[in-house]
């Protein structure tokens, strides 16, 4: 695969998961606030539906980012993360992304399911 | 004497509203649970603590191992050459540093935030037979029993082995209602009505406190929960709902006059009299309480007298001024208040 | 092989020319107008050390008051001001400025092979503003109206109704004032690390120390605005009678808490990440081994701050949020642990697979790992919402975050003081008293903080000015107080040792530890121009690449990359650090202190409610800025 | 070793943006986060209040603000011209476009200040939480337009004495700031006008 393609995959793998998790976290929490706040009720949001859709799409995106990262790691196996850039740097960030995306995926799954399985708007 | 029996003995003594005897030492401990909620939380803690010690031992073990190996031949040239044990170290980092903690912590998340939380979350409005309103003030607790005229302060009576819904609100700043032996805490937030369930396995007196910093006397804003058998509780609520008894005897009558004409009635209420201000605690049955000033001092003739004339020294900054009275009037006032059983 | 000694006479001449070009004015004026990152770092160091003393005195007064039940050492009012100022001081005026301001300013340019920060004058400004903000907030203490609602400063306790004095206005303005300085520092580091690295130091070859400070800087940059917004609202509510936090007019008191903790939790990681950086500098030097799993550690340092932005409401589990809201923050809290576990095991394996030389700095790092793991394990417990709701606002929390903030953030600072002492002073330190000071501190802090776990579980709440007897807390509190004074003894021994070493110890030479990073290639203390020749970098451990160092020496001899024509330094491409251009750096300037002075007048006028005068002072600030930019680097 | 050996490049355009430009990016990032907090506050309060805006407060006007917004955002074009002209070394063109931007921004600012004063006469900032956040958000946005005006004034003053590398960097950085303020204003207006929905 061309270095240029690898560069793109590497940045997608590194930043894609992060951005999507941020969005899912903010929007997901925002939905709970809108659902349970006095001003939000008349918006008629179904918490569980939204959380489910949000979790599924975010998770899918993060998995894609993870796959991108793994692709880059495989493609650059001949160089080391200490080699000169770009190859070395690309591999370095790809390894980083491979770990980061696992963490983002776990958060998305945990809070997504918990937001669905807990009683909506019950005070904790 | 084993714990349950001792607690029962204490409870009996307390029902007679005498101060706790030495020997039944009081607790405010989250590790001495007296309800299923507190017990779930405590066992959650014990498990987590076990895991924590294991984790710490693992890390300390590694450090100690490196200390044992400290005298090997130096690696000085390895700093340029290949790094020793890099491959194995990667396995350790990925295994113990990523896979293991993800598994363990996710399990903890599921157990505590999907299951245990079901027992500690606020009860639905209809879930309990009974509701008690607790209102935080700087720095004392007002206690109301909806559906009855009963109003008291700093001492909440509840029926034992009965889920009670506590509605915690505040009259001023944020406080936090916390009785560790019965349940987790809940803040009292201006503009919100927060709820929590109280349930006591055994009759007894449980100590609680304000857990959120609320100003000068945050340290002296404690409370008691009295869990009593159903009938005893009913009797107490019945008495508490009654207006104050007419003062018996000249001293008490004089005291009543002092109370009404003096500054007392401008802040305190005594149901059945003209005094109906709600700045300070309701004193209708103050004589029947075990403590004064949010569990700062025991209730009793001498301590009540000290409180009236010298409260700014006992609880500096509290909202009641020192009341200067000629001792004859003071005696009468104390006699009157202490007879408000 | 250090480049401190000139290889040829020609090289010596070049170094002399650089010396003339870069040396700053002698005397006090030189310190006032300096833009030298090393001098600014030292200014930060001494200032924050004094403030550390202040915060420590406050802490010991608190511990003395709590040594026995029903004590009357200080009045409740004083006590509230003490614990509030203790928190504010240690967080905003000690750890942040000590790590970023002192360590970062001194070391980042050295580690990336630069001659100065990207914006030297702005760097000076950030210090003078910091100093002014510290004086500003301590003025309130001497006026007897210091902030008294806790560093978290919850409304409505902090609102005009319940806190009519100036105390909270000092808090709000002091915090905004201070965060201007922190924001400048943060931006400074980000741009410096992006643009001023030595050519060849691509991200995969950047020292972990720099990753840590990059992470901390991004954290500060994105966390502080939330606090600024919050304190602006507070100031408006108190003085303009707006209703952001007033439920009776549609406001919300929880809004304060959300905004505060959106700042406040990342802040915790901002406090410790630089400590990770210090640890990852000391470990390779004293195990003579590159840190295990370099990419994972690097990303962990960035991730811990990034994920740290998603956990704020775990400080608010007891306010009665809905469970479906809380789980988002519980999940974040669960997974923010992973970057830390990655680093802990990477550090431990570096200890094991290297040859650990347990000199004082490494001892402090070992102690740091112990404290950090202890505090981290209690931190994991807050994933369990019901348990958190049980222990929050008790001493269990106090124990937890002191293990993190004292154990994990301050221990590496101490270790770093020993580690870089030879570099900064040119002297070695005395090893034995150093190790003794570590053991005293280790015992002292554990005696001070461990019992707090227990009293917390036994029901002792936080921020209480006193406590009753007979609840089983007394003995533990006494132990904590004793531990507090043992800790004090350890700190005094540490500082005394360094001071005595500075006077008496033998010279250290450029590289006493065979350290891994670039600062060990230049002389100790480093010359004003840091590096006689822009170093060549081909790994994250440049001082262990003899080929490159030999290359530098040849360059110096041949006059390549010496950049002696002016105040010059190379700029590179942000990601792969390709040589881009040679930029002219500004020299010393009187404007930063002047601007800081004008700005502090603005804040003084605001706190006494003279808004018109404050506006005029604001115009002075603009004039100062204009004067500042009237000189351009090229024109020198 | 195929490494980027440190060799100073003498000729050719810069490979990456100047430190000054990055500095401006940092400033904008910090400002954007501040506004993020403001806007988050707006919706946090909104989720708790119904109706929104509260009774007795008129919904924000639509037409005039949108026209003004259009004018302000239009400055993006002359500003980009100014930047290009500067990089091409065309001093007079640069001055001309910057002056143009300056005039539009100044006019916009003047009207908005007048309008702000006018609104606050009718509904005071101390009315309730809605008015508090409304005026804070709006005022903060206007303040940033003012900063853009000041930047451009300073730039014009600098450019009277010709170009230097420093000033070229300044043009690029301030161009970025102007873009940022325009985007910011779109977002802020969008937030405030969402009260009509």
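Residue numbering begins at 1 within each chain, and the chains themselves are lettered A, B, C and D in the order written.
Note that in this section contacts are C-beta pairs under 8 Å (C-beta built on N, C-alpha and C of every residue); 3 or more make two chains touch, one makes a residue touch a chain.
Bear in mind that the values here come from a model prediction, so they are computed numbers and not experimental data.
Enquirer: Comparing chain centres built from Cα atoms against the global Cα centre, which chain wins on proximity?
Expert: That would be C.
Enquirer: Relative to subunit C, which chain has the most distant C-alpha mean position?
Expert: B
Enquirer: When the centre of a chain is set as the mean of its C-alpha atoms, what distance in Å lies between subunit C and subunit D?
Expert: Averaging C-alpha atoms per chain gives centres 32 Å apart.
Enquirer: Cα centroid separation between subunit A and subunit C, in whole Å?
Expert: For subunit A versus subunit C, the centre distance works out to 30 Å.
Enquirer: Between subunit B and subunit D, tell me the centre distance in angstrom, where each centre is the average of that chain's C-alpha atoms.
Expert: Roughly 52 Å separates the two chain centres.
Enquirer: Please report how many Å separate the Cα centroid of subunit B from that of subunit C, as a whole number.
Expert: Computed from C-alpha means, the inter-chain centre distance equals 38 Å.
Enquirer: For subunit B, which residues are shared contacts with two or more other chains?
Expert: Touching at least two other chains: 98, 102, 106, 109, 113, 117, 120-122, 194-195.
Enquirer: Touching at least two other chains at once: which residues of subunit C meet that condition?
Expert: Within subunit C, residues 200, 202, 252, 296, 320, 323, 326-327, 330-331, 334-335, 338, 342, 385, 389, 538, 576-577 contact more than one other chain.
Enquirer: Could you list the positions in subunit A whose residues touch two or more of the other chains?
Expert: In subunit A, the residues touching two or more other chains are 33, 84-85, 99, 106, 110, 114, 118-119, 122-124.
Enquirer: If you go through all the chains, which pairs of them touch?
Expert: Every pair of chains in contact is listed here: A-B, A-C, A-D, B-C, C-D.
Enquirer: Which subunit C residues qualify as touching subunit D in the complex?
Expert: Touching subunit D from subunit C are residues 118-119, 122, 183, 186-187, 190-191, 194-196, 198-200, 202, 221-222, 224-226, 228-230, 232-233, 236, 240-244, 246, 249-252, 255, 258-259, 262, 534-536, 538, 561, 570-574, 576-584, 622, 626, 629, 632-635.
Enquirer: Name, in rising order, each residue of subunit D that touches subunit C in their complex.
Expert: Contact set of subunit D toward subunit C: 1, 3-9, 14-16, 18-19, 22-23, 26-27, 29-31, 33-34, 36-38, 40-41, 44-45, 48-49, 54, 125-133, 136, 150, 154, 158, 164-167.
Enquirer: Touching residues of subunit C toward subunit B in the complex: what are they?
Expert: 75-77, 80, 149-150, 154, 156-157, 162, 247-248, 252-254, 284, 287-290, 292-293, 296, 318-320, 323, 326-327, 330-331, 334-335, 337-338, 341-346, 348-358, 366, 369-370, 373-374, 377-378, 380-381, 383-387, 389-394, 457-468, 470-472, 514, 516, 541, 544-546
Enquirer: Which part of subunit B faces subunit A closely enough to touch in the complex?
Expert: 98, 102, 106, 109, 113-114, 117, 120-122, 124, 194-195
Enquirer: Touching subunit B in the complex: which residues of subunit A?
Expert: Answer in residue numbers: 99, 102, 106, 110, 114, 117-119, 122-124.
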